[in-house]
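Alright, structures below, take your time with them.
Look at the two complexes coming up: chain A is in both, with chain B in one and chain C in the other.
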Partner chain A sequence: MERKKAIWGFVFTIPAIVFFLIFDFYPVANAFWMSFFKKDLLSLNPPKFIGFKNYTYLFTSEAFWNSVKATAIFTFGTFVPMVLVSLALAALIITRKRFQKFLQMAYYSPAVLSSVVAAMIWLLMFDPRGLANQFLNYFFNTYGVDYHWLSNENMLRLATIIVYFWKYVGYFTVIFISGMASIPRSIHEAAIVDGASGWQDFRHITLPLLKPTTLLVSVMSMIQCLKTFSTQYLFVQGGAPRGPIDVITLNIYNTAIRDHQIGRASAMSVILFFVIMFFTYLQFRVSRSEEVSY
Partner chain B sequence: MKKFFVALSLLLVILSFAAKVELVFWTHEDPNRTPLEEGYIKEFQKMYPNVEIKRVTYPSDKIKEVLLTAFAARKGPDIFNIEIQDEYPYIVNERVAPVNLNALGLKSYNDLKNQYLEGSLDAVTYKGKIYGLPLELTNWCIFINKKYFRDVGLDPEKDYPKTWEDMVRISEKLVIRDGQIIKRRGFDFRYPYYLTFFVPMVEQLGGALFSADGKTAIINDNAWIRVLDFMKQWGPNGKNLGSPTYTAARKEFNKDNNTVVMCESGLYQIDRIRTENPAFYNSNEWMVVPWPVFKNAVRDVKSNYYGHYYMVNAESSKEEQEWAWRFINFMLSHPQDYLVKVGLIQPRKDLIESDVFKNYPYSDVFLEDMEKAHIVPLHPQGPQIEQLIREAVESVMLTNTSSRDALNTLKRKVNDLLKEEQ
Partner chain C sequence: MKKKIISITIDVIIWIFLLGFAAIVLIPLVFMFTASFMPSNEIMKMPYPWIPSEFRWQNYWQAIKGNDGNFLFLRSIWNSFLVASITTIGTVFLCSLTGFGLAKYKFKGRNFVFFMILGTLMIPFEAIMIPLYLIVTGMGMQDTYAGMIIPLLMSPFGVFMMRQYLLTFPDEMLDAARIDGASEFGIYWRIVLPNSVPAIATLSILTFRSQWDNLLWPLLIVQSPEKKTIPLFITIFVTEKYTNEGAMMAAAAIASIPMIILFLTLTKYFLAGSEVFAARKD
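Right, the complex of A and B next:
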């Protein structure tokens, strides 16, 4: 009977497996395969096998290392504040007696917006005559200073970080809220009965019990940041210099679509794949040791 | 008998459907061109009921990638057009079919060339065959809002910029800033089309992008450095007259909203002004003047022109190719409509010699400049080279990189690219 159930269980998963094989596994396997070839996207000539040359080229390429640097700065610059702020916001929202749902919705709403639309809105704000300069001039009490949001290397990086932070902070806040809500109320009540203050309750009860969620959020946000594309793409289209924000995904896009070098772009995708895989593995490893039970 | 006729008519219907040729035609969005070409499709389909044409438009910055991925998957459309520098790799990789002379009712390529201005088919001529027919050839001149010239005491008819040095001087008079932030630009370049405007500026001073044999890039350092210095002076770290990070000048120009006084654009801009801002179009407050040259120019070269050429997929069936060329020929046999209704110049002799062209506003200015210009440099690595030039120009404009350092980097990267290609 059990065996029959298992067989039927497997049968029902077949469509999902087929879907995965065609739309996920095949492109990944194909990218691995293509990364050993030299192939012009437009050429009808068969791809030429070149072994690891695409990889050796990339590891000696100035542009690739610049992309690694741009990706690393963006990722660490975004995910650290994102985790901290979303945690703080979640703690703030969950303690509100009124407007809790409204605040969750308000913070979450940018995540619903398409990345392209979000980048376009922010591009307008970062225009030299836009709101970003006006705000900083008001804040620093300066007159007519152009803070070069889209041209200065560091400001440009900060601008892309702000867009991403704004878009996803609400999303991770909601995940933190659900993590906090899953901590049994009785534990908090016991701590309060024992005389713990609000801060002590948060510091010694909420935070330790929230570790799996914190880990999940940090790894998810890190992976998401590593895959960032549309913000940087649209900023470059909007006139910003590419170098400081030439993240790996943007480099992959340009190598494939502009340069037609699909083999080299595949090699870059494979490298990014392994980087993401490493962090996913890290998540599994650490989350196993950080499991909590109530 | 009745049954026989029913069966026969059914068979005829089936055969007529079976024989139907369906052509897929991809082009970029152009609100003025769409009704015109939709009309031609209807007319053509009426003339040839066995042909069905499906016209699909994409935004001009999207069509390149959609087309590339379609061709990479061998699912490209039967007919398409993009800018010639992006079409060139399709020719070199033999992904497009040569012009079918039979479909055009011509006997030789010479007959075809005779219909067009000299050299206008050179860009699509490869190994002795012609691979495209021009939808438009576009060069840029300077559009001026006369009102703002007068506001600062300049007479637009006399004081318009003839040299790039004039452009700086006049822009300094016209610019309005709020501290460092520019509220009104006198003029601004058309970033990031560096092959179209930056390279000819270098050529005016005696430089070139490629050597005569095409094996070396960035010729005459001195000319390149002088133009890079000019751009540095133009940018926010110099005289702060413009920057790639401001909204495109040609878009602001049409609004007549005191944010830009001059821009560089093609003849089609006139039609865009008419569509977007009829009051400004009819105000007689705008004019077009030739593209400037440097004061000490050694070559009188104007902005490069670029073109959109209609091409046919080499993997379409022979029958589809023939009908595709017939349809393209049908569309392009209305050059006056394209000029009057869309503002596009098709380099056909019959158009250039016509009264319609001669009477079209500022067509003479564009034509005179075009005669001194040449097509954008065509190279399989053209888009990469343009990106490298962009990096060099923007590094001097937006950072503290010196022109010499930017040039050295540019030279090394472009020549590495050429070596890799060889």
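Right, the complex of A and C next:
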């Protein structure tokens, strides 16, 4: 009876095992395998084994290093401010007695839009005659200056960072709020009774106890930024130059689908895989060792 | 007294900062909705007028009708709805079944299966999209709904979440059903599923939203215009008629309204869903 029952547990997991073998483990193995071949997407010739040539090609290719640079700038430019600002917002919201829910909803609302819609709205706002220029002109008290949001290399990078920051800052604020809410009130009360100010309470109570959440959010947002695609893709489709925002996923897509170079695209995928794997591993390690007990 | 004034001042500054930030975050949304009613020259007027001088419903009509008058936008809304719904139903069913198997049965190799599934959490979709594309093409599913749906039918995160939830499911309920002669699948279907609504709702919203938003996978799989989902349609619409900004924003508004309504009615589950890992395939 018990054994018969146990078999059902295995039966229930069979679909999952089959699914993950076909659609996750096999593709990973396949990407590794194909990265050693020269294969054209449309050609009927069998792929030709070329060893590490795809990798050596990439490491000497300017376009690849440009993608690494674009991805690195985007990732660090986005996730660092995002973590800091969402932490600050959460810390302030949680001190409010009213409108907590409203503020959370307002900050969160851009995350509800699809990334394509978000990019489209901002494309219009970054238009030379659009709101972004008007805002900067108002702010710097200038008149009719065009800041070249979509044509200047650095402004274009900043533009994609702003879109992503805007879309996800509320999402991470909500995560921080739930992390802060799980710290028992009694600890804060004890600190206040002992004469701690609001800032001291945050600095010496909230921040240390929040460390697991902070680490989780940092790594999670970082990985998300490494995988960014939609914003950059839509900006390029909308007429922005590709070079400064040619992030690695966009490069993989174009190499495989437009240039038909499956081998090279696979080699890039493998590199992306290892980079993200490394950070995910770090996240698991860190989140396990930093478990806090109250 | 002086201390009180300082604390009130700080309080006011915090309020200004929080509400000001909320206003900045909401500006692009307000821009989208107001611009969707304006003619192009009004959208690009400096300074931006904020209130449409007249409500140009033609923008919406143009977005719906499309530049060629083929109503492909309506078709893409239907496609998005179809693909996201089926993926969600499949994900909820398969992930909860697997989670149930892992949480409530002790079979040989259970831990191995669990860690294998957990291990796939580390595989970024973007790194396997090209081989996945070749596999799906090889199976003859290129340019089909099946090709869009099947590879996304399960998420390791969903399995993980359902397992964690079901670990605390009371064994007495399962045993009572067994004594009543229910089959093991019957227990899952009639006892476990109806009693897991909170976890299922959170997983559903996560999945539906990430599929509604999915650009990359349909972009690889779909070629025929009548199978394109909303993100694909919008991408083309932007390049096709970049000049008519009003219709662009109308299309953006139409694409966003279903999600905004879901968000306003099911806020709780949206906010709960973000506490956990983001779904992998977004």
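Criterion: the second predicted complex is superposed on the first by the 280 of 294 C-alpha atoms of A that agree within 3 Å, B and C clash if a C-alpha of one lies under 4 Å from a C-alpha of the other, contacts with A are read in each partner's own complex, and residues count from 1 in each chain.
Assume a contact is a pair of C-beta atoms (placed from the backbone, for glycine too) under 8 Å apart; a residue touches a chain by one contact, two chains touch by 3 or more.
Just so we're clear, the structure is a prediction, and the values are computed from it rather than from any experiment.
With both structures placed on the common chain, the touch criterion links A:S43 to chain B but leaves chain C unconnected.
With both structures placed on the common chain, the touch criterion links A:L207 to neither chain B nor chain C.
Taking chain A as the reference chain, the count of touched residues is higher for C when chain B and chain C are set side by side.
Of the two partner chains, chain C is the only one that A:W166 touches; chain B does not reach it. In the superposed pair of complexes, A:V145 makes contact with chain B only, with no contact to chain C.
In the superposition on chain A, A:S266 makes contact with chain C only, while chain B stays out of contact range. Within the superposed three-chain model, A:E153 lies in touch with chain B and out of touch with chain C [touch as defined at top]. By the document's definition of touching, both partners, chain B and chain C, reach A:Q237.
Judged by the touch definition given at the top, the superposed model places A:R258 against chain B, while chain C stays out of reach. In the superposition on chain A, A:L84 makes contact with neither chain B nor chain C. With the contact threshold set out at the top, residues 127, 129, 144, 237-239, 257, 262 of chain A are in contact with chain B in one structure and with chain C in the other.
By the touch rule above, chain B contacts chain A in their complex via residues 61, 64-65, 68-69, 71-72, 89-90, 93-95, 177-183, 191-192, 236, 243-247, 381, 383-384, 387, 390-391, 394-395, 397-399. If you check the complex, the residues on chain A that touch chain C are 5-13, 15-17, 19-20, 22-28, 30-31, 34, 89, 92-93, 95-96, 101-118, 120-125, 127, 129-131, 134, 144, 166, 169-171, 174-175, 178, 220, 223-224, 226-227, 229-230, 233-234, 237-239, 249, 252-253, 256-257, 262, 265-266, 269-270, 272-273, 276-277, 280-281.
Chain A contributes residues 40-44, 127-129, 133, 137, 142-146, 148-153, 237-243, 254, 257-260, 262 to its touches with chain B in the complex. Chain contact summary for the complex, chain C toward chain A: residues 14-15, 17-19, 21-22, 25-29, 31-32, 35, 43-48, 94-95, 97-98, 100-102, 104-110, 113, 116-117, 120-135, 150-151, 153-154, 156, 159, 184-185, 188, 209, 212-213, 215-216, 219-220, 230-231, 234-235, 238-239, 242, 245, 248-249, 252, 255-256, 259-260, 262-263, 267, 270-271, 274-275, 277-278.
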